[in-house]
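Have a look at the structure below, then the notes.
Letters A, B, C and D name the chains as they come in the text, with residue numbers starting at 1 for each one.
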Amino acid sequence: MGMVGGGRDAFIGAVHRMAATMDGEAEMVSGAFSSTAEKSKVSGEDLYLNPERVYDSYQEMAEKEAQLPEGERIDFVSVVTPNILHAPVSRVFLEAGFHVVCDKPMSISLEEALELREVVRKSGKVFMLTHNYTGYPMVKEARHLVISGQIGEVLKVVAEYPSDWLLSPIELKEQKQAAWRTDPRQSGVSNCMADIGTHAENLTRYITGLKIDKMCADFGYFIGDRELEDDGNLLVHFQGGAKGIMYASQISAGEANNCNIRVYGAKAGLEWHQEHPNELMIKYPDQSKQIVRRGYDKASEAANRATRLPPGHPEAFIEGFANIYLEAFRAIRDYIEGKFTSNDDYDYPNVDDGVLGMAFIETSVKSANSGEKWTDFPQV
Amino acid sequence: MGMVGGGRDAFIGAVHRMAATMDGEAEMVSGAFSSTAEKSKVSGEDLYLNPERVYDSYQEMAEKEAQLPEGERIDFVSVVTPNILHAPVSRVFLEAGFHVVCDKPMSISLEEALELREVVRKSGKVFMLTHNYTGYPMVKEARHLVISGQIGEVLKVVAEYPSDWLLSPIELKEQKQAAWRTDPRQSGVSNCMADIGTHAENLTRYITGLKIDKMCADFGYFIGDRELEDDGNLLVHFQGGAKGIMYASQISAGEANNCNIRVYGAKAGLEWHQEHPNELMIKYPDQSKQIVRRGYDKASEAANRATRLPPGHPEAFIEGFANIYLEAFRAIRDYIEGKFTSNDDYDYPNVDDGVLGMAFIETSVKSANSGEKWTDFPQV
Amino acid sequence: MGMVGGGRDAFIGAVHRMAATMDGEAEMVSGAFSSTAEKSKVSGEDLYLNPERVYDSYQEMAEKEAQLPEGERIDFVSVVTPNILHAPVSRVFLEAGFHVVCDKPMSISLEEALELREVVRKSGKVFMLTHNYTGYPMVKEARHLVISGQIGEVLKVVAEYPSDWLLSPIELKEQKQAAWRTDPRQSGVSNCMADIGTHAENLTRYITGLKIDKMCADFGYFIGDRELEDDGNLLVHFQGGAKGIMYASQISAGEANNCNIRVYGAKAGLEWHQEHPNELMIKYPDQSKQIVRRGYDKASEAANRATRLPPGHPEAFIEGFANIYLEAFRAIRDYIEGKFTSNDDYDYPNVDDGVLGMAFIETSVKSANSGEKWTDFPQV
Amino acid sequence: MGMVGGGRDAFIGAVHRMAATMDGEAEMVSGAFSSTAEKSKVSGEDLYLNPERVYDSYQEMAEKEAQLPEGERIDFVSVVTPNILHAPVSRVFLEAGFHVVCDKPMSISLEEALELREVVRKSGKVFMLTHNYTGYPMVKEARHLVISGQIGEVLKVVAEYPSDWLLSPIELKEQKQAAWRTDPRQSGVSNCMADIGTHAENLTRYITGLKIDKMCADFGYFIGDRELEDDGNLLVHFQGGAKGIMYASQISAGEANNCNIRVYGAKAGLEWHQEHPNELMIKYPDQSKQIVRRGYDKASEAANRATRLPPGHPEAFIEGFANIYLEAFRAIRDYIEGKFTSNDDYDYPNVDDGVLGMAFIETSVKSANSGEKWTDFPQV
C-alpha cells in the first residue's frame, strides 16, 4: 500500500497504517506524506521505507508507482490529506490504475463528489471511503437488528457527535489540524458537519437504511471569529416518515469523541456509544433491557465476522477501522482474481456514501443559512 | 393537608401523599378525590380519613374546610387532577384562603396561567407548582455550579425526556391516564410537551437561569390517529446567545422516564440523569471527569440541605418530590408566623414557573404548526 | 408506633420513622429517644409528639404505654439504640405485650440472641429485624430467580460491603456513632462484621437460601488502636457445596455504602448493587446480558408488590426500608384480626435471621482468631 | 520475528502477531506453528510466509534460523505454545542466541522457572513475559498514582478475574484449548490460577509494588471430574501489612474476561476494569470521584506514552498487548546498539515476574491442599 498525506504529527495517517496492516494483509511500501518534499522524506524514514519510494508529490508518486512492474508497485493508496485534496488525489490515482482508500469527507463540494463518482465508475476500481464507525461489530449488529425487522419500523433516530476539541481557538496556536479544519480554503464550506456531523449521518444511514427527506439546521459559531461553524443541530425528516435529531459539536466541554446513536423502532430501541463500542443495548418497552456483547455466539454473522477476540477482551477504534480495510482487501483480492464487479457488493462505505455525505454537508449549510424551516435533501 | 384528585388508581396523587408526609411535617386529613362522590368516598376510606372530610366535589371541600375552625381545617391543598382542572381548582382554594400545591402543567392555556398568576398575587398565599425534578439534590448542585460560574458561560444545553408509555394506543384500552392526556378536551393544546416536555424546559431554566428567546419545533403524531403530539423535537435559542436542543417523546421504545440534561459551559460540562439521580457528572476539557455524589460534604449547601441519607444510600424520586414540599412547608410556617412575603423567596417552583411553562407549551405548538423557522417566545 | 433510641443526630432512627410512616400506615406517637431524659424530651418536641408520651427511659415507656387503653397505646415499638440495648429493650416490650421492630444486629452475642428467640416465641408477637436490603424490589426479584431455578444450582457467591466511614479515627473526635461502634462495651465482639458484614450474610441467605457450613476469616485493624476489626474478609463454604467470598470494610477509601452481590448459578449469574438498586443484571454464558428494571410488568410478583412507582422513576433506600415495614404491618393487622400464626409466614427478616446473624458474627470472630483454616458454623 | 505455536485456531498466537506488528516495528517471517509438520506448513501459508522458513519443529527452527546471515534471520521468537513447552522452547532459542517473548505462565513449575531465570541471565538476551494487562495505559496510570504516593499507603487490594469459559465441560468436546488447560500433563499443577489467577497477582504487583507474604487458598472443582481447579479464592497478606482478596474463576456464569482491580490506600482508592480499559476511577473519601480517561494531557507520562489515539477514541486489548511489545522492541534496539544491560531497565514483564508468577501458582496449590490457615510465600 501507499499513502498520500499522513506525515509526522498527523493523526489519521497513523491510524490508517495501523488499521491497514494489523491483520497481516497489507504492508506500507510507498508514500508522499507531506506538502513539502523534505517533510515527506523524513516521514518515510520514520516508517523504514525505501527512500526511492518516498515521493515529493502525489502526482510524482502516482506516475512513478504506475511504472513499476506489477507485483512490485502498490495495489492501492490511502488518501489522508486535508479535505481539499481528497478528490483530486483520488482522481489521479484512480486514473493511474490504482485502487483508492479515501478519508472522509470525500471532497469539498457536492459537485466535486459527483465528478469523482464518475471517475470511480469509469475506473472500475475498488474505492473505499473510511467512514470507519461502520466497521464496529456492534454497529453491524445494530444494522442487522434493524434490517431483519427485529425492532420494527423505525420511528425516530437520535444521532450525536459531541466533542470539545475546538472549545479553545487552538487554530490560532499552530495546531495544524485545527487550522486547516476551520479554514474554508482547506476544509470547504463546513467545519463541524464535515469533520464529525457526517459520521452521524453515515452511521444513521448504515444502521437504518433511512435516507433524509429534508432537514432544518441551526449552526453555532461560538469561539473566536470562526468563519465555519463549530456546532450544528439538525431536525431531520426521513423518507417514509421517521424523524430524527442529529447534532455535532466541537465546543461541548468534556466530551471527547462521544459519537452515539439511538434508534427507536415500533418494537424496540437500540443504543450504541463509540466510546464503549463492545456493547449494544436493546431496549424493549415490555421486557428487560439487553446488552449484546461483541463476540457472543448469538450475535449476527456480520458482527462476528468483524471480531477478532472473544467477549470480554475489548476491541476498539483501530480494530473497527481495520474491519473496513479488510473488506476492501477482499474486494482487491477479488479484483485480482477477476471477480470484482462493483463496490456495491462489499460491506464498506463507497463513493455513493461519499456523495450522500457531501449532499448532507451542503444541505445542512444551506439550511443553516436559510430562513425557511425545511430544506429539501437533493436527489443525487 | 387536603387533596383534590388522586383517587384510587391515580399515579401522581399517591406520590404527592408520600412526598408530603414522609418527613412528618404534614398529615392527610381531607380530600375530594374523584369526579364522582362515590369514588371519592372509597378513596377516602383507603386513606383512613374521617368520612366527614371526604367531599363530593372540590367546591364543597373548599367551602366546608374554610368553615372549620383554624387549627382544625387544612393548611393547604394539593391539586392532582387532570390538567383541565388545575387552574380552576387552585383558584377556588386560593380564594377560599388556602395555600395551594398544584401539579404541572399549571393550566391548559397561557391565558389561564396569566389569570391564575393574578389570583395568586392577590391572595398573598403560598403557591407551589410541582416541577419536582428541581427537588433532586444533584439538580440543585448543578444549579449551584452554573450560577456560581464554575462551568463558565453556558454555550449549549441538551435536555431530553424520552419515554415509551404511549408507544401503543393504550388510550383506546381504558387506560384512564392515557385517555385524558391524549384528549385535547382534558389536556389542552398539547399532550407530550405538556406532560413531559415542560419538565425539560423547567429543568433547563432552573439549572442555568436561561430563558428561551425563540424556538423551532417539530412534532410527531406517530401512533394511531392522535389529535395531540406524542413526540416533540425543538431547536432553541436562549437569550444571550446560548443554543439548545430539547426533546420529549412518549414513543421511544424501551425508555421509561429517562429525563436527562447536559449543560455545556465555556469551562466545563454537566450531565445528570433522573434515572440515576444520586450522581452528577462534571466534565472538563482538560481534567478528569468528576462524579459528585449526593451527600458528600463538599457538595453545595443547597444540595446537602435537600439530602436525608449519607452517600451510598440512594435517595430517589419520592425524596426529590418531598424536598419541594419541605420548602413549601417552610413558606407556610413563615406565613403562619407572619414572615412570608413572596413565593419568590423560596426554592420551589412557583406561579411564574407555571406561566413560563405554559408559554413554552403554547409556543412549541405554535412553532410546530408554523412554516417559519423561528417562533419568538412571548414576553410574559 | 413508638421508638426507643433515635434521638437528634442519630441516623437510623430518622430512617425508621420515614420508612414506617411514608405509606400512611403508621404514625409516631411515643418514644424514649435517648439515654438522658432531657435529650429524649427535646427529640420528642422535634417530632411534634405529645410530651406526655415522651418518656425518660424505655422501661418507663413500656410500662406506661401498656397501661393506656387499647386503641390509644402504641401497636409496636421500633428499637434503634446502640447494639447493646437491642435485645434487652426488645424483651421488655415483647413481655409488655407489644410487637417489636428491632434494628440489626439483634444482640451482642449469640447467647443473647437465642434467649431473645425464646422470648419472641413465647410472646406470640410480631417481631421484625430490619435487615432492610431484603426490602429492595430487585433483591426480591433476584431471590425469585434463584428459588424458581432460573439460574440453575448456585455454585458461587461474592457478597461485598465496602465503605470508608471509619478510614479516619473519627471515634476520637466525638462522632458518637463511630464511638459506640468501635467500643466493645457498646457494640459487642465485633464492629465491622456486626455493622455491615451481617448485611452481606443476610442478603446472600435471602437471595439464595444457602446456609453457611464453615468459614475462614481474616480481620484487619487498620486505623489507630482499635479493639474491634474495621475490615473483614471471609472464604465461605455453604451447605451443599457452593462456595463464596464475603467481605465488609470500613476503611476502603471512596466507597460509601457499596453493598453488592453476585450469585453464579449453573445457568446464569446475577448482579445487584444497592447504590443502583433499581436494576438487576442477569448474565448468561451464551446470551445477551439482561437488565431487569424495577417496575416492569414481567418482573416477579414479589418484586412488583414491593414497588410504588413506574419504571424509570427511581426508588431507593427509604422505600426499600418501608417495604419490610409494610410487611410487618400486614402481620400486625393479621394479629389484630386473629389471623397471625407465625413470623415465618411473612416476607420480613425475623428472629431466626437475627440468631443466624449473630452466629455469623461470632463465628467470623472465632475464625479470625483461630489458626485453623476452617471454623464450623454452629447448628442454631 | 518468528513464532513457536500459534497455528490455525489458536487464539493467543494471532493476538501476538497483531500486537507485535501493528506499529510497523516487526514483521512475521518464520515459525514452527504446530506439533505436526503438516499443520505448521498450512499455518505458514495462511500467513504468506516463505515456506522455507516454516519449520517442522521448534528445535529445527532455532537451529536453521541461527544459521541464517545476520540481518536476515529473526531477531526474536514469540513462544505461544501450551504451558508445558514455554520454558523448553524459550531455553532453546535463548541458547541459540535469540531474544525471546514468552506467553505466561512462564513454565509448569517454580523449579523450571528458576532454571529458566538462570538461562536468561547467562544469555544476556531480552526476555519478555506477556503479562499483557500491564500494557494498558490506565494500568500504568494506576501504578503511577500508587508509586507517587497519591493514594497514600496501600491498605487493601481486591483483584478479580471471573470468567465462564469452562462452565461446561467443553474439554470433552474437542475444544483443544480447554483440553490442554484442564490436563495436568500439559498445563502443570494448576488450571485456573495458571490461566488467569496469575494475571490478578501480576496486575496487583505491577500497580502496587506489593509482594505477597502469605496466603490462604480455597480451590473449587465444580464441573465434571476435573483434576485441576476451575475456581480459586485467596486471602492474602502482603509484606508490610496490607491485605487482599484475589480470586479467579472459570465457572462464573455470564462473566467473559472481567479482570478488575481495586486498590484502597489511606488517601484514595483506585478501580480499573479490563473490559472498560480506557477509564480509571479514583475514589476519594471526601471529594468527588474522578474518572481519568486514557489520552488526557494530565495523565502520567507512562500512561500517555502507551497511548496511540486521542481521548474518546477507545483503545483496547490488542493495543495494550502491543505496548509491551513496543517496550521489548526498544530493548532489542538498545541491544543491537550495544546499550542493553538488563531486562530490569524496561517497562515490560520479565523473567523475575515469571518466577514470582510460578511461585504464586505453586503456593496457591499448596495452600489449597493444606489444612493450615496460612501458607508462606517462598523467598525466590
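Heads up, the rule we're going with is that contacts are C-beta pairs under 8 Å (C-beta built on N, C-alpha and C of every residue); 3 or more make two chains touch, one makes a residue touch a chain.
A quick note: this is a predicted structure, and the numbers were derived from the prediction, not measured.
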{"item": "Reaching subunit D from subunit B through chains that touch each other, fewest steps", "value": "1"}
{"item": "Pair joined by more contacting C-beta pairs (A-C or C-D)", "value": "C-D"}
{"item": "Separation of mean Cα positions, subunit D and subunit A [Å, integer]", "value": "35"}
{"item": "Subunit A and subunit C, separation of their C-alpha mean positions in angstrom", "value": "55"}
{"item": "Centre distance in Å when subunit C and subunit D are each reduced to the mean of their C-alpha atoms", "value": "43"}
{"item": "Shared interface positions of subunit B, touching two or more other chains", "value": "255, 282, 289, 293"}
{"item": "Complex interface listing, subunit B residues touching subunit C", "value": "11, 14-15, 17-18, 21-24, 28, 47-48, 163, 165, 255-258, 274-278, 293, 295, 308-319"}
{"item": "Residue numbers on subunit A that touch subunit B, as the complex places them", "value": "151-152, 155-156, 158, 162, 164, 167-168, 216, 218, 220, 222, 231, 233, 235, 237, 243, 245, 247, 249, 251-255, 262, 264-269, 282-285, 289, 370-373"}
{"item": "In the complex with subunit B, residue positions of subunit D that touch it", "value": "282, 286-293, 296-298"}
